[in-house]
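What follows is chain A paired twice: with chain B in the first complex and chain C in the second.
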Partner chain A sequence: MDEGSGAPRRSVLDDLLSGDQDFARVRQAEQRNRRRQGQNEIDVPQFHGRPGDFLDATRPNSGTYPYTNDNGHGVRAGADEKDAPYSSNYSLLTQDAVFQPDEACEDIASLYRALWNEQYAPELLPFATDVTHDMHELLEYQEQLLDDELHETDGAGQRDAEAVSFAQLSRLLRRTELERLRYVLRAYHRVRLRKIERTAPFLLSSAGAHTLATRLSEPERDFATSYLTLLEQHLTSSFLQLLPERLRALDDKDDTVAMIAPPHIDAYVFCRVLEPPPGGVLRLNNDAGGREEIQELRMSTNEIICMRYRSAAPLVLAKQLQLIF
Partner chain B sequence: MDASEENEVLLGGPAVRYLELEHVAMEQLVVMVPNFSMAEQVHLICGDYGPFEAGIPMQVPLWLALSLKKLKKCRIAPPFWMEVPWLARKLEEEQREKNLLQTMPPAFLELSSVLLHCAPDDIPHLRRVRFLLEDITNVRANKLRATMRRNITADTAGAVFKFNDLSRMEIARIQPSVLEILNSLHALSSGVAVSREQNTGPSSSPGVTAPAPVGPAAASTDFPAPRGRDLRRFRS
Partner chain C sequence: MHGQRAFELVQQLRMSVGLPGYDEAGLKEVASEMRDLHGVLVESMQQMQRRVQHGEALDEAQVRAIQCSTVVHLRSVQRNKRCALAYLVNRARRIQMQRWELGATAAARSDSCMSAQEADFLRKYSDILGEYCDAVQLDVTAEIQPPSDLLIEVRVQEDLGTVQTEDGAMHLRRGTSLYVKRGDVEHLIRQGSLEQVQN
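Our next item is the complex of A and B:
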């Protein structure tokens, strides 16, 4: 099956390039090819394990993946460029081919990964400086280009109608993408801000000092500090000043419930294995019942595992695990 | 504040989560056939697309195909797994195997619901596809529920579970209830074990479960009733 799926699809491509450009006929050819493959008429698409989606960082670049062609390239790889007279974009007519991220795409994928990790981790993760910085720059650059073009077309006046409509279409598409990515970037910042608000007392206590210093960006640190100051001022002015002195503290630990709660790192999370640890075995420290107990968990790429965050955390930080829905 | 509440606060509830899944799924590449020609390339952040030639299929992200579709500038070719024979065979396999989930594309629920909603005229045998997708979803949900009920018990508190063969949307659906159950089971069992140790000595603590063929199981009787907007339904 592995070998088989590459070949017939290429011949679909051949049909396509030899002038068979009618869509219906292409589809018929595809079905013909599938039939030719064997008794199993519709056996072409086989998923091996979990096929990675485009967010999959550790997708194998060659060979084994069912949707890559013989060169080991995904759809958008440039290898077939000279063979395809029109565009490299359909160099393989596979429907769910692997998204082979080039550099900018890699930025997008890592932004999504950062967002998901942040959303589902019970503690604050290190700020993704590079990812957000690059994305900010890309977005700003694109925005700048769009603005410039807008003025250009305003000034140009007389241009033929076709060119104008192309320009409009191109602008529309780029604007759409810009807004989509901006949403993701904002979602990332929003989730972090919400987390910081929630854990501000912890972050600014002595226990959270390390997290504060290493995992927050400069503006986030300012935000945390001023947020907590505001919160304290508000609580004091609204009712704390009316209470007796001994009840005014906001960081009481003596009570049955500590007022400053550390993050809930024993919570369960869903994660997908991007890169199995050496040997494919993770040693888990399963301390259920208050006793230390070492256990071994076998994991292979693309498995989805529900485990406690405490055990997953180091791997998440090393980008070997991806937290998911 | 316990973990599940915390999640709710951070993530904005299931409706938002489903929307976000759709947003991500829109990055998936699909094949579309433009009905216009455009010699220039569009320089997007995710890559350069074009030139566009009327009638020539090309691979673009779904969001791009959809914006062209809205302008009536292209047809979208439904992916192979939205063809009737493929779906019919999957449904059959799904029904035959009582204990194993079939592997589906990771985003098949999101993609198919978006395509059925936004490009219904491009999908051949639309009604049949809708029915098959709905049936497959239901069969899978039933199986998943049954296995979860079997596998997640008080004995498995603190264990690790594998949820292979589930698509993203299915995980998103079961996630809140599963996490809540596992978290509270773990909390309870640590408490129980501690008190038992004080009384009678160490308890046998649960281990890592053998990789369950399907995902295991909530003790909850049902999926949580969808609050807010769920997926667009297949049968509109």
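Our next item is the complex of A and C:
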């Protein structure tokens, strides 16, 4: 993958095993290893994993949702096995990582939770400053590791051919993994930007001032302001300037439809219970049709519930509920 | 009928995908209809005021008639405005979508369907997106689809010479196909210089 970017028509296999390796030799090595360890199945990490699979070296057997591996175990760390690159315990994560593996795993999980909540909540949620910052650092750091390793192998010259080809495979997997995580991070920013675009008039009105001040990051506030200015300029120069002065306002509020709509927080959402409220019962205050009505809702962990966003919002913010649809 | 032309504008968008041609004449007609309606409205209000000032007594039927006409005209003006703005805002959203999906250069190519103001809007929108990306140190517009593979096969559609990437040089000669990192060539695919080979 590294030196052959320009070569025409190469298969994945060619790239994985470039150099003087061929597939048969790798298979032989695998079999040798298998015999040496006296086991039938080789626990080589699957390529089609979920994001984060290759970046966390130790994974709890009952990993937090949604990171549980199908078979309950992922890539395990094994510091003393460096000479047996195909063994089941070979770690894809360098041992001296600054980030503790479980910490990185927790960041990835939080990023996912933030993305899903944001995607399905009808209003803007607070910007996940810590998570995005940590993810950014994690990605930069891993990128740096990969680059360093690449230069190391370049300088090493003739080394054990098997180790070289394994290093290439490992780098390919990790780089793919990085790309996927970077995608998730981008998706998070994108979902928020799209929401900000849709709700910009509300956010910058007096009713949305609180949301704007507390829930948006600095760059997002700038984006919201310049976007709304841009849109208003566009509407004015395309159409509104043709109208009499009194009809040009963009914040009319007549008795049928207001031009600035607040987010629809009475929408229904689906959520998964991460942590049930004390006693397992949530008391809902439904003001249906003007009369107050207290309703009790039983919740247990991992249950899926459909409820009004208005009632779910405090629990979502407290990370007790996870929006899922 | 009041508001007919404005409704047609909205209908145009509803019945099309992508970005249909810009209906400048339509918007101008709507605006002139609104000016006329607004004129009538103002006129009738002023008339009413004059009559009240002159101490003229109005019977109930006359008052009703004036109220009715006022409401109808006002609502027509409002409806026209809503339709015209809906037309513009929805077009703006489609333009934004093109910016996200195709990238700045390719989106600007379809400016035959845009008005001068819309082309300007697209340019400035790209600018503020760029500012946001700089601020968060992440190109949020890259790769809209989740990446399945790191490397993809592409066919070169135009001669672009040699492009340097972090892994070395890439020779882009028309008609050849390459196996390269997605991130390195994504902008070229969006521009249409390369085509991704689906397997």
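A few notes on this one:
The criterion applied here is as follows: the second predicted complex is superposed on the first by the 222 of 325 C-alpha atoms of A that agree within 3 Å, B and C clash if a C-alpha of one lies under 4 Å from a C-alpha of the other, contacts with A are read in each partner's own complex, and residues count from 1 in each chain.
In the analysis below, contacts are C-beta pairs under 8 Å (C-beta built on N, C-alpha and C of every residue); 3 or more make two chains touch, one makes a residue touch a chain.
Just so we're clear, the structure is a prediction, and the values are computed from it rather than from any experiment.
Shared-chain residue A:219: touches chain C; no touch with chain B.
By the document's definition of touching, neither partner reaches A:161: not chain B, not chain C. Residue contacts after overlaying the shared chain place A:183 against chain B and chain C alike. Of the two partner chains placed by superposition, chain B and chain C are both touched by A:172. Looking at the shared chain after the overlay, A:284 reaches chain B, while chain C stays out of its contact range. When both complexes are overlaid on chain A, the residue A:237 reaches chain C alone and has no touch with chain B. In the superposed model, B is the one of chain B and chain C that contacts more residues of chain A. In the superposition on chain A, the residues of chain A contacting both chain B and chain C are 172, 176, 180, 183, 187. Those residues of chain C whose C-beta lies close enough to touch chain A in the complex are 27-28, 31-32, 34-35, 38, 77-78, 81-82, 84-85, 88-89, 92, 96, 100, 115, 117-118, 120-121, 124-125, 128-129, 131-132, 135-140, 142-143, 146-147, 149-151, 153, 162, 165, 167-171, 176-184.
Per the touch definition, chain A reaches chain B in the complex via residues 16, 21-23, 26-27, 41-42, 44-45, 47, 49-55, 75-76, 86-87, 89-90, 92-93, 95-97, 99, 102, 104-105, 107-108, 112, 119-120, 122, 138-139, 142, 166, 169-170, 172-174, 176-178, 180-181, 183-184, 187, 191, 194-195, 198, 261, 264, 266-270, 284, 286, 288-291, 293, 295-298, 303-308, 311, 324-325.
Taken together, the chain A residues at the contact with chain C in this complex read 1-12, 15, 132, 136, 172, 175-176, 179-180, 182-183, 185-187, 189-190, 193, 197, 217-220, 222-223, 226-227, 230-231, 234-235, 237-239, 242-244, 246-247, 252, 254, 256-257.
Residue ranges on chain B touching chain A, taken from their complex, read 1-3, 6-7, 9-11, 17, 20-21, 23-24, 26-31, 33, 38-40, 42-47, 49-51, 53, 55-60, 63-64, 67-68, 71, 73, 75, 77, 79-81, 83, 85-86, 89, 103-107, 157-158, 160-166, 168, 171-172, 175, 178-179, 182-183, 186, 189-190, 193-194, 197, 202-203, 205-208, 211, 215.
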